[in-house]
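Common to both upcoming complexes is chain A, partnered first by chain B, then by chain C.
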Partner chain A sequence: MSIIIPEIIVLATAFAILIADLFMNERTRVYLAPAAVAGLLLALAVMVVHTPASGALIGGRFTMDAAGWWFKILFMISALIAVLLSMDTLDGRARVRVRGMGFRGEYYSILLFSVVGMMFLVSARDLATLFVSLELATLPLFVLAAWRRDDPKSGEAGLKYVVLGALASAFIVYGFGILYGLTQSTDLETIAQRLAGERAPAFWLAAALVLAGAGFKLTIVPFHMWAADVYQGAPTPVTAYLSVGSKAAGLAFAFQVFYRIFGDALPHWDMLIAIFAALTMTLGNLVAIVQHDIKRFMAFSAISQAGYFLLGFLGAAEEGVPAMLFYLLVYIFSNLAVFACIIWFENETGKGQIEDYRGLSLSNPLMALGMTLALFSLAGIPPLSGFVGKFFLFSIASKAGFHGLVAVAAVNSTISLYYYLRVVRQMYIEPVDERVPAPGSSVSIGLSLALLSVPVAILGILPTVYEGIHAATIAWLASMPQG
Partner chain B sequence: MDGDSGWMMQHAWLIPALPLVSFAVVGLLISPYWKKGAGVIATLSIVASMVCAYVLAWEYFTLYPAGGEHPILVPWSFEWLRYQPGLAANVGVLVDPISLLLMIVVTTVSALVHIYSNAYMHGDYGFGRYFTFLNLFTFSMLGLVVAPDIIQMYVCWELVGVSSFLLIGFYYNKPSAVAASKKAFIVTRFADLGFLVGVLLLSFYGYRIFPDWSAEVGAVANGLAGTQPVDFQYLNDPVFLAKFAALDTTFLGISLLTLSMCLVFMGAAGKSAMFPLHIWLPDAMEGPTPVSALIHAATMVVAGVYLVARLFPAFAFSGTAALLVAYVGAFTSLFAAVIGTTQDDIKRVLAFSTLSQLGYMMLALGVSTAEHTLGYTASMFHLFTHAFFKALLFMGAGAVIHAVHTNSIWEMGGLWRKMPITHITFLVATLAISGIWPFAGFFSKDEILAAALGSGHYVIFGVAVLVAGLTAFYMFRIYFVTFWGKGRGAGAAHAHEAPALMWMPMALLAVLSAVTGFFPMAEYVHLGEAEGHHGINLAVVIPATLFALIGIAMAASLYIGDGHRAVALAKMLGSVHQTIKQKFYIDEVYLFITHRIIFHRIARPIAWFDKRMVDGGVDASGWATRSGGRALSLLQTGQVQTYGLWFTGGVAFVVLILWSALV
Partner chain C sequence: MIELLARHSPGLPEWLTLCVVLYSIGLYGLLTRRNAIAMLMAVEIMLNAAALNFVVFDRFSTNQQADGQVMALFVIVMAAAEIVVGMAIVVALYRMRGTVDINQMNSMRG
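Let's look at the complex of A and B:
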């Protein structure tokens, strides 16, 4: 029973916030965010201290395993930081007020619903649960993207997201339907067994449909189109959460699909994965170069990062899975650190062009330093954590014999360095032409940035976390159906 | 590690980690806001690291007492980056007598230099930055010293080079300092290219031979479990060396072992400023004087010596490479000593003296063989004593420069009355470096000479004895000119004693320079069974001391008084003197080669090609990348219909690929 307690805590917190909101006035609603933080922290604590690394409930439809444990931790950390980053905007503490960002109770509870959906997603063991939890994770994101109801851009983002998300969901459902038709089962393990050696065209179609759905979540080219508009239009704290939460959920979904359903066929797909990896990182990088809006820029950066993740599927699972999980961890920390600065800067100045960051190193050296560290980590500069994460992913591709792909990835890393440095250059090198008023500071964002910067700086040096993930993966693989 | 090893042994990583943490904290958080605190915290971290190093040495030598076996321990290590099982970059701490020796030298001198710098750099505009860099340097140097494998050694080697670059160019608005820092960086970087190729050769063949070696040696049974193909313990293993040397592949008739060792020595020669890569060290004196004391006298420049010592079994196995080390070392020691007799800048004299002493250490390593290892001990012994008296000489020079505001010895004079403590400590160091009994240099030099004589390299022995005389001569020359006679410059008249924070470290170093000679080094640092201290070998001591005394007497006769005899002698020698004073025109030769030949004949056409073809290509690729980005961003129409179309097209694409992959 204890394996589901974290989910119950998060869900209960979501409902409690929703109901409490009804009885509160605007002044007392500032306590909603701390309540959400407390709920998440409690769930995290239960997860870390109390939850066993494996187990099953409801006839095996809800299971817990070592990789799932890591995913759930990452989901909750992302949500926790997202709440911390949203507080200032929602509570009206921003110097430049964002209009139409109220309704705090709904905001936090919807955010938490999405987290619960993601957590159920990694525990699902049959098609129905998998699909429903995927929707539970995604639908709240549509709502959050359209949160600023008086801002047409936010509305547009939400609408585009919902239309394309529905398209992706439709493809996934079709794919699942065909899989059910082929195997007469919704149980993932049974499906995998019955699909072994399957060569019928219907199987390829099903695989293609499901893969496209996973590609949508992970922003793999050409299923990435939604990302730029949605990232740019959504309120910035939502973008921060989208950029990590949605990607983590996409990777979790891809794990479920690749390793549990198509585990047998995966080795035959390297060429496909390699093509998508190369396309994704190249397109994301090339388009990121010409962006001026920092949120749109981060959207394309996130797309190119998704291409690096795919490299992990090329090698043996015991190498690839820990590398991907580790890079996900690194990516979440680095990306959220960058967004912490973006949100803070937008709150303080209302600006969001890359050129606006000019002279930030003088007006707020610590913020500029945190952002630089995170951008360097995303670019993969040693000895920051991003470098080590990329090293593991690249070495998997090179060991699998995809030397050309590694070369493409390395060239892309160099290109990405160029555009990440564009931001650093604005902060540190470009002359300050006018005396901009020094932006103020923020407790919640400063705290988040400090919390994020430490792992960004040291995860690459201390191997403990990677070793933990690696050990967890070995245990996880041992529990896999076909071993 | 086993349970009986002490606490410090298990936490040996603290020694390099403390300066690293302090570097980050001081550099990021403290120095922008609280200048004075930067110095205090940086100093405290090094002192803490020093205490750790002492405790570690004590624990090690309690476990393995003097005179007995001294195994190499790796009490702490972890895998940093793994490419595949058995091929990974590890980070760790290696503990053996020479790494302990270097840890003690580096932390002690660094701590004293930190203390000294608090006064010396007082009021400087880059005070916080200075201590940040100094901490970075100490961390890199300690990381280099404790490296258990050649990869970590190389990484720290480069870090040391960077921190040296940063500190030489510390006064970045002074063109000569900037030029010197560039020169140091480029020359050592050029040498490191050789080192890198050596590292790659060693690790490539090391990895290839590794399975054979493990099968033959039975790594687990020999306590070498967990050894990696890039670990020093493996690279120094005789079985590996025999297999490596026996490879059929050769390069111009040179065996791969000798070739890689020569390439490694190229890196070592760059860092330790051996001829002909020595040209950067005299210019490096543009940095603040405490930096010269720490980096360019006591620690970083001995990294090359340490590298050769670390790979000594490999050098000895090659034989040819060891001979190269011996002759390069001997030639450098003579060459630099001759130049040192003519320089006017006190720091430059000391710089050439450092070159000369480094040559001594190298030649001692070079003359020793696997059977006859006295030179190995002697070299480490001299490294140890030299670190103290040379750091002291630089600190003394720093105190004098601080008081007189000039580097030229001819504007000093008569300082013994105004700066008594500096004078006494400087005299102690001068006696030590000249090899006068009972000061430290006497004993270590004695061992080096005994090693050269005992190994039958009579030419090298003769050179070394001659250099001992020259050393005494040029050192007493600057001593007499600086401290005796009458004050010549305006600064010399108003000189005053250095503040306590400066003279106290100097006094401590003076004590060390006086007594460390009695340390029974051979009991602690040896290869194979300990070769007992030979006592005093008269065949060595008599000529060496005689030459030193002649040197001192000549310096006294030429430079006590108004120095007219010296001027007359210089005039008599005419162009010879001029040639030596201009450092044999080596810099000019380099300039000629680089400017006239490389720049004009080679670089110009390349530059043309670079500008037209390469830059054009780069610009074109940049332009193509950007316009590609712009073109691709047009795909992002903002139309949901387009997005949906792409999505559906993508699915069709996946179906096609899956179909073709599975059919």
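Let's look at the complex of A and C:
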């Protein structure tokens, strides 16, 4: 029973916030965000201290394993930071107010529902639970993307997201249907066993449909087209959560699909994965160069990062899984740190073009330093954590014999350094021609940036974290069904 | 006529063909329609084809567990939830812009 307690805590917090919101007035609603933070912290504490790293519930349909444990920690951390980053905008503490961002009770409860969906997603061991939890994780994101009711861009982002998201769901569920037809079972382990050696045309159709759906969630080219508009149109705190939460959920879903359902066929798909990885990072990087809107720029940066994640599926699972989990950890911290600065800057000035960041190093050196650190980590500059994460992923592709792909990835890293430096250049080098009023400071955003910058700087130097993930996944692999 | 139909009751291939045809109609509608509501309807057809797929495989499977029927119920519920969210967004957009034509949804450019 104890393995499901963190989910129950988060879910109870979500409902408590939703109901409490009914009985509160505008002045007391500022306590809703601290309540959400408290709920998430409690769930995190229970997860770390109390929850065993293995176990099964509901006849094996809800299980806990070491990789899932790490995923759940990451989901809760992203949600925690996302709540901290949303507080200023929603409570109206921003100097430049955003209209139509109210409804705090609904906002935080919907955010928490999405986290619960992601947490169930990694524990699901049945087609029904897998599908329902995937939908629970993504449906709230559609709502959040369209949150600003009086902003056409937000509505447009929501509409594009919901139509393409529903299309991806249709792909996934049709693929699941064929898998069910082939194996006559909805249990993932049974499906994997009965699929072993199966190479009928229906198998390929099911694999293609499910992989297309997973590619959509992970923003793999050519299933990436929703990302740019959704990231740009959604309210900025939502974009921050979307860029890490949706990517982490996509990776968790890809883990379920690749390692549990198609574990038997995965080694034969190396070439395909390599092509998708090369396409994704190259296109994401090339388009990011010409962007001016910082949120759209971060969208293409996120697309190219998804390409790096794919490298981890190339080699043996005992190396790929820890490398991907570690890079996910690094990516979440670095990306949220960048978004902390973007949200703060938008709150203070109402601007979001890359050129607007001109002279930030003079008006607020600490924020500029934090953003630079995070951007360098995303670009993979040693000794920051992003470099170490990329190094592990590249070495996996290299060990699997894809030297050309590693060369492509290395070139892409260099290109990405160029466009990440564009932002840094605006902040540090470009001359300040006008006397802009110095932006103020914010407690919650400053706190989250400080919390994020430390791991961005030291995760790569401290070997303990990676060793912990590595040891955990070895135990996880030992528990996997041998298809 | 009734006797003819009774002798040729549709089997698994016929039902699966129906699913594929429905799914393809939905996909075609999604790709060609420019009205947001029509696009949501097309997605709904695709999701229902997928649900029918589960029911068909369940009907012709040898095990007696009704997993597919349960799965179809879940798919129907999730499809409804998705359309509710989609329609809410469409209504909000219509209030702002007075149109639901997807060709005019191009306010964001890179």
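Miscellaneous remarks
Everything below uses one rule, namely that the second predicted complex is superposed on the first by the 482 of 483 C-alpha atoms of A that agree within 3 Å, B and C clash if a C-alpha of one lies under 4 Å from a C-alpha of the other, contacts with A are read in each partner's own complex, and residues count from 1 in each chain.
FYI, a residue touches a chain if its C-beta (ideal position, glycine included) is under 8 Å from a C-beta of that chain, and two chains touch if they have at least 3 such contacts.
A quick note: this is a predicted structure, and the numbers were derived from the prediction, not measured.
When both complexes are overlaid on chain A, chain B and chain C end up sitting side by side without clashing.
When both complexes are overlaid on chain A, the residue A:Trp344 reaches neither chain B nor chain C. In the superposition on chain A, A:Tyr259 makes contact with neither chain B nor chain C.
Touch criterion not met for A:Tyr420: it reaches neither chain B nor chain C. Using the contact criterion defined above for the overlaid structures, shared-chain residue A:Lys160 touches chain B and also reaches chain C.
Look at A:Gly233: by the touch rule set out above, it reaches chain C but stays clear of chain B. In the superposed pair of complexes, A:Phe309 makes contact with neither chain B nor chain C. Of the two partner chains placed around the shared chain by superposition, neither chain B nor chain C is touched by A:Tyr331. Contacts of A:Leu283 after superposition on the shared chain: chain B is touched, whereas chain C is not.
The superposed arrangement places chain B and chain C with a least CA-CA distance of 5 Å.
Shared interface residues of chain A (contacting chain B in one complex, chain C in the other): 159-160, 163, 167, 228-229, 287, 290-291.
The part of chain C that touches chain A in the complex is made up of residues 19, 23, 26, 30, 36, 39-40, 43, 46-47, 49-51, 53-54, 56-58, 61-63, 67-68, 70-71, 74-75, 78-79, 81-83, 85-86, 88-90, 92-93, 96-97, 102, 105, 107-108, 110.
Residues 28, 32, 78-84, 625-626, 628-630, 632-633, 635-636, 638, 640, 642-644, 646-647, 649-655, 657-659, 661-662 of chain B are the ones that touch chain A when the two sit in their complex. Of all residues in chain A, only 159-160, 163-164, 167-168, 171, 199, 201, 204-205, 207-209, 211-212, 215-216, 221-223, 225-226, 228-229, 265, 268-269, 271-272, 275, 283, 286-291, 365, 369, 388, 391, 395, 399, 415, 461, 463 touch chain B in the complex they form.
Taken together, the chain A residues at the contact with chain C in this complex read 127-128, 131-132, 135, 139, 142-143, 146, 149-153, 155-160, 162-163, 165-167, 169-170, 173-174, 176-178, 180-181, 184-186, 228-229, 232-233, 287, 290-291, 293, 296, 300.
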